[in-house]
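Since the structure comes first, as structure tokens, the remarks are kept for the end.
Chains: A, B and C, in written order; residue numbering restarts at 1 for each.
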Amino acid sequence: MAKTNPGRFFEDYSDGQVLHHAVPRTVTDGERALYHALYPARHALYSSDEFARNCGLPQSPIDDLAAFHVVFGKTVPDISLNAVANLGYAEGRWLKPVYPGDTLRAESEVIGVKENSNGKTGVVWVRTRGFNQRDEVVIEYVRWVMVRKSNLDAPAPEAVVPDLKKALDPQDLVVPSGLDFTTYDFAQSGEAHRWGDYEIGETIDHVDGVTVEEAEHMLATRLWQNTAKVHFDLTFRPDGRLIYGGHVISMARALSFNGLANAQMIVGLNGGAHANPCFAGDTIKAWSEVLDKAQTTVPGIGAIRLRLVATKGGEPFVLKNEDGRYQPNVLLDLDYWALMPV
Amino acid sequence: MAKTNPGRFFEDYSDGQVLHHAVPRTVTDGERALYHALYPARHALYSSDEFARNCGLPQSPIDDLAAFHVVFGKTVPDISLNAVANLGYAEGRWLKPVYPGDTLRAESEVIGVKENSNGKTGVVWVRTRGFNQRDEVVIEYVRWVMVRKSNLDAPAPEAVVPDLKKALDPQDLVVPSGLDFTTYDFAQSGEAHRWGDYEIGETIDHVDGVTVEEAEHMLATRLWQNTAKVHFDLTFRPDGRLIYGGHVISMARALSFNGLANAQMIVGLNGGAHANPCFAGDTIKAWSEVLDKAQTTVPGIGAIRLRLVATKGGEPFVLKNEDGRYQPNVLLDLDYWALMPV
Amino acid sequence: MAKTNPGRFFEDYSDGQVLHHAVPRTVTDGERALYHALYPARHALYSSDEFARNCGLPQSPIDDLAAFHVVFGKTVPDISLNAVANLGYAEGRWLKPVYPGDTLRAESEVIGVKENSNGKTGVVWVRTRGFNQRDEVVIEYVRWVMVRKSNLDAPAPEAVVPDLKKALDPQDLVVPSGLDFTTYDFAQSGEAHRWGDYEIGETIDHVDGVTVEEAEHMLATRLWQNTAKVHFDLTFRPDGRLIYGGHVISMARALSFNGLANAQMIVGLNGGAHANPCFAGDTIKAWSEVLDKAQTTVPGIGAIRLRLVATKGGEPFVLKNEDGRYQPNVLLDLDYWALMPV
């Protein structure tokens, strides 16, 4: 009997199937420190236990994106080992902060399958949930991927395409229990701009850039136990080791501090596209656009919907070309909700 | 008086001598996180405190190989600063798990010396023990190295060659106190294969590969406070910085998850050879062979003896050429005992 | 309104001004482990909680230089974002050890301003203080930098040049409360040399070298939340990413273990010059000179004043050429006080 895991192929998925992902993971102060070594992260709520306490939390949580990466990493052996492309994200929500000492595990439910007309690949939609050691859902999101068929003779399943929200409604967003910006310290947070200071349609060039090295993205990707071969094995892909898309997300989010220092917590992921591949040597820059604003149910806490674009240089604020395709310098187009002091 | 340490030369060792190695080291959640960033480690007992508790331990231990590297690192200034070659390991045993917060120190006893016929070098055998802060032995192993003479006129000592076991008897292995696989969760561990599913002689290709970068192996080697110059100083060796052999061991062990996910704890080291040097840019792959199986004294816990081979590519399962020498692509040939659920 | 921080220019500083730096930072076991992965640090007081307890402290502090880097990093957005050069340090004192779990924040007072005769730049002197979560000063130091003017028509301020000590008097040094070397373990510390074994004028070649990689210095610089663009963005400077001067300080200090293993705690910074820029690929070596020795108020604890020189190779003990300029291979010339067992 073969002992190694070949991964699943398109014909192995069916609508309604539940996958229990392996290898739970305890995150600690070590992961927190590594996150700050790998990304220029400076949002104060994640940098200082004192700042977090002043905002009503027991201590600094693990970065929201680190929690996402750990949960995502769990799913790779079951979802994307034979994936051709990561097509999109939707309906992502952060439901509970993750603290040092918490142990995360993940489950995914298949919510859609559709074979492509070429008969060689298909699209699989999954809703993934990350749980802590108290079986509370800390994060959930929908992802869809294109997966190869192994047996080309396998019959096409009945197509099921889920109906996904283009963006989360503000009332779907969960403000962490206890979060309170009443005595928020704008001097300590790094910028004076409140939720009220941002206008829908406003764009921000985050100015700074980071040239990515091979060692860094591999350290990050291993830390989240993401095992996709293309990130580690230089013999696997002739054009270089592909950088895990989540590395680009975290780098861009950290760079966005410069202009969005008070967009403290990520609570919703409306969508995201890895527009072009990123390789070591690329210098990642970022810009943002304010897409929407909304009140939350908690006084003093506003929600801001942001488009976060990572590029490998070039002019900011240029996303697509005339025929609607992403510019070649665009790496990431992410649409998320964050919480800010009003 | 010279203030720096020139290291010991062959004539400085004598049978029965005891060396107290310097600079004790506290290992924490930080070292644990770094281990997971440096290697694609996924064995669940070391990844999740909850999984470890379900196996009867108070929390996840520090990886067995991390504990080994810390103890090994302590010995370098006294044993291998002037070593020409690391010749072998034997009779290695893990006696107590190491937990975050533990402080490790090391001692070595010289158990053999033999001058080579060239009169310029000799072989030194040491039995090294690592202790925690309660003076409990957590690990012990025999290592032998070839060391240069400084004074070529120093007389050859009487040759003492220790009688070492080719492999540990299963009854020499220590199952950690409290370890219990009764409710072992095969879904969470990542594979369904039990001890009973492996056959002596069976071989497993672990499939995945990792291309090694300079920064990574230096981070790892510094973390274990291993100070051997050849790992850090590019001006020291014309063919490149030699990667610490322990880095290759940890990388291969982590890769072996894919096929040996339930070989959870390493408890014995029967032998090991660093067959060829490893340099940055090499892509490390791994395969294993089941050498033996045995019951332990604890019901439900089996011991499996494995050969773990790291290569820099090439065909798996080919170890030596016709004249008995290691193939040029073989980096490591390790022989160890691990514990599995029966 | 522009949302991003352009940094301050020379005309934005005035004598007596107080700057409250943003983004407090909690340091943990994670930062401690990363420090040991980034530098070959082996001073026992920082490596072992048990050794630290035997010296009267509650556990190992965060490395003195790590505490310095965190505080320094806080100041970068307000002090050196538009700096042309980091000119010097003086009157640095470590007043309280920093332990895992402590949260650091920083303030700077402008204590001098002097426009240069070219009318395009000026020198700004600041006294920076780092505070813990109990508002205790843990570190203080003076730094002066050359900063660009943005508005060349801004009038030159009245020149204020502070009167700084060439070196701290021994009575200015603060021995941490409780520190006690009565039962200091010289076997565990790694060397037998006491304070009494060093002579003023003595020089020590620390022998070992480390070739620096891009990923390492960026990990370190990000960890201290130092955001200076020149360290991260390869497109910013045609000759390569400049390595943060503090990375060179930490590397040299760690290398100085070999010969100064018992110079345990840094308590004073008399001065320092980054003599030449350091880039990835340089192999850092170090040598020291004993500049002074003094008793402290605590029996058994001596103070030693050391010049620590980092080079990128070349002969040790050669600092400047005939016209008084630093040799091209010299990277760092640091003057500090450390505490040793008498």
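Going forward, contacts are C-beta pairs under 8 Å (C-beta built on N, C-alpha and C of every residue); 3 or more make two chains touch, one makes a residue touch a chain.
What you see is a predicted model; the values in this text were computed from it and never measured.
Peer 1: If each chain is a node and each touching pair an edge, is that a line, ring, star, complete or other?
Peer 2: Its topology is that of a complete graph.
Peer 1: If I list every residue number at the interface of subunit A and subunit B, are over half of them used by both copies, so same, or under half, so different?
Peer 2: Mostly different residues: under half of the interface numbers shared.
Peer 1: How far is the middle of subunit A from the middle of subunit B, if each middle is the mean of its Cα atoms, in Å?
Peer 2: 37
Peer 1: Send over the residues of subunit C in touch with two or more other chains.
Peer 2: 28-31, 33-34, 100, 213-216, 219
Peer 1: Across the complex, what residues on subunit C touch subunit B?
Peer 2: Against subunit B, subunit C makes touches at 28-34, 36-40, 42, 44, 47-51, 59-60, 100, 187-191, 193, 197-198, 204-211, 213-216, 219, 258-261, 281, 283, 313.
Peer 1: Sort out for me which residues of subunit A touch subunit B in the complex.
Peer 2: 1, 3-5, 20, 22-26, 28-31, 33-34, 77, 100-101, 103, 105, 133, 213-216, 218-220, 222-223, 225, 227, 229, 232-236, 241
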